[in-house]
Amino acid sequence: MSTLHTVNKSPFERNSLDTCLLLIKNDSTVLLIEDGVSGALQNTTASQSISDAMQEGVKFAVLGEDLNARGLSADRVIDGISVVDYAGFVQLAADHDNVQSWL
Amino acid sequence: MSTLHTVNKSPFERNSLDTCLLLIKNDSTVLLIEDGVSGALQNTTASQSISDAMQEGVKFAVLGEDLNARGLSADRVIDGISVVDYAGFVQLAADHDNVQSWL
Amino acid sequence: MSTTKKFTYINRKAPYGSVYALESLEVVLIGAAFEQEVQLVFVDDGVYQLTKGQETDGIGMKNFSKTYAALGDYDVNQIYVCEQSLADRGLTLDDLQALTYEDEDDDWAEKSSMNLVNREQLSDLISDADVLLNF
Amino acid sequence: MSTTKKFTYINRKAPYGSVYALESLEVVLIGAAFEQEVQLVFVDDGVYQLTKGQETDGIGMKNFSKTYAALGDYDVNQIYVCEQSLADRGLTLDDLQALTYEDEDDDWAEKSSMNLVNREQLSDLISDADVLLNF
Amino acid sequence: MKFAIQINEGPFTHQAADTAYQFTKAAIENGHDIFRVFFYHDGVNNGTMYGVPPVDDRNVQALWSDLAEKHDLDLVVCVAAAQRRGIMDEDEAKRHGKGAANIAPKFRISGLGQLIEAGIQADRLMVFGD
Amino acid sequence: MKFAIQINEGPFTHQAADTAYQFTKAAIENGHDIFRVFFYHDGVNNGTMYGVPPVDDRNVQALWSDLAEKHDLDLVVCVAAAQRRGIMDEDEAKRHGKGAANIAPKFRISGLGQLIEAGIQADRLMVFGD
């Protein structure tokens, strides 16, 4: 089974993304939403851990509406992270077998 | 002027204590309350940073009522951290010139 | 689809600092009546929920820690505790309540509900869940 | 005791994920009428409050980012941004709004309100405050 | 596909209630069913009809009532959480001797069993919170 | 010494409201003055009189009302935050056409200026939140 993991907290403020990446399986997807979208950006102290997880096969997506709200343009997002809208969020939830929200 | 810093979040979950210790002056005091009391315990991944700050002259206190609630006995607390009650909390606030709450 | 699902509760918060620990337990107890498979995972600060000797008089809040001991009577006996989370916090299983249940398939012998799990086992627990309840 | 105090706002949260950024700004604007000394500190995720180009239509929330530009008109011109927090997030001052004010003591010349500060300067700002408002 | 939604936070302070609303709306627009929306913890505060936000801001509570009206959603606030936080329907208000009901249109009060049932019946449970 | 208290969180979900209450009580017991308690953000939810917690749990809202009654505390809920979240006094309820006031005894509704004034007048401002 594959899991959609949602992370809604900043990786600079909370341990949610760290724990998520520690426990995630390679065929799963992480969707960054709300304050979690800052994790998707290039050249941050969190970028390396996401790149490492990508190398292992974990897929990443980020909610574009939340990026835009925070003035973070899509061209600053780490290569390979797909930008989705709310409909894409719904689709991701439907495409995986279960959903783990790292609140 | 000396500042009382209160930290009410777990050092394992949030960056509040890290930022507090980064910005604190040596003559100030950190009071750990609520979920922050877990930072006061020996042999955790957070203990070293507190011991280091103590060496620099920062004083530490922890709210006993919050320790007790979480089943964490006072004899597990790092040497040199004083255990206070709510009256002690009030006294600390009165004894310092201002109060910074790391929410 | 069978109507029996695997309900996996992921408990990541310390008790009393927020209400999530208490409310998670409430859902587990109510859920027991629905005869689903139930697994409780304690990870990150969630491991503090199970500490022995909680005394809440000083903070004026209800002490609900004794309720965990009743979980076995509700057929909730799959308790998983992250070993790394304990180690990071200077805790061992000895610091936690020793939750047990009576095994009806083994002449009601008293058995431990507690399972120390590593990173890989936790991964599997999340992956294998039908319904993940996040607290 | 003088009735003029140094009010120092410590902003540590990103906007929109929680209401604190907006509500901090509301206090600052109301507070301006009280003619106290006002300092705004942006540290940790608080630096995201000042990013350029915020567009909130997609999340259905009110965009309050343009209000920061009005702070100068309220005589709020001591804005301190933690340089380490910016660097950790891959940001520079260029990514933030360039807040300004008109200096009445200098023939209303337009001047920058923005000050990049290091760890020691932030320490001093906290230490020197009469009233710390934490958001 | 059948979704169940759990909301742990009230309106305005945390984005969770907004995100849950946007997700629910998008799910409906894309042809999915919403089995139930369950409001838990501070989430029950989304169920007050007394909220009067500024005119230039969204009214999170009213958005839920409207969406439920339009698509016949089942909006359930947890009874225990609602009692603690002062969200009442007519029966509760009468029973506890409070002034009047304050629960918003299309919301109903019920027990935690409704959350478990949602977990059983829906294909996916989505939890939104802090 | 004169303390001002700011509370950012509602009752029950986060401990902040409890800690603020315990601090305020201890300050009074130790001879200090409380200039004002200001409820902001979700903190305004401490000001509802509709809360009915289980009998074996504390009633955070009633604890505040009782403490204020005993020591004549000034409990202020922020008007803008209260409107958003549905906390109303008689005037507000009438003005917005809502059923009835739900603000608890000894609480009053006022503006953010009351927080600034508290900062100016008190020797220490204590902020409790999440």
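As written, the chain order gives the labels A, B, C, D, E and F, with residue 1 at the start of each chain.
Just so it is clear, contacts are C-beta pairs under 8 Å (C-beta built on N, C-alpha and C of every residue); 3 or more make two chains touch, one makes a residue touch a chain.
Every value quoted in this text rests on a predicted model; they were computed, and no experiment measured them.
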item	value
Interface residue identity across copies subunit E, subunit F - same or different by half	same
Leading chain pair when contacts are tallied as C-beta pairs	E-F
For subunit B paired with subunit C, centre-to-centre distance based on mean C-alpha positions, whole Å	29
Subunit B and subunit E, separation of their C-alpha mean positions in angstrom	38
Where subunit C touches two or more other chains, by residue	16-19, 44, 59, 61, 131-132, 134
Residue list for subunit E, restricted to those that touch at least two other chains	8, 12-13, 15, 19, 22, 41, 57, 80-81, 125, 127, 129-130
Of all residues in subunit A, the ones touching two or more other chains	8, 12-13, 15, 34-35, 65, 85, 98-99, 101, 103
Touching pairs among all chains present in the structure	A-B, A-C, A-D, A-E, B-C, B-D, B-F, C-E, C-F, D-E, D-F, E-F
Contact footprint of subunit A on subunit C as seen in their complex	10, 12, 43-44, 119, 122-123, 126-132, 134-135
Contacting residues of subunit C [partner subunit B, same complex]	13-18, 44-45, 48, 51-59, 61, 63, 65, 88-90, 95
Sites on subunit B touched by subunit A in the complex	12-15
Contacting residues of subunit C [partner subunit F, same complex]	16-19, 59-62
Subunit C-facing residues of subunit F, complex	12-15, 18-19, 21-22, 56-58, 63, 130
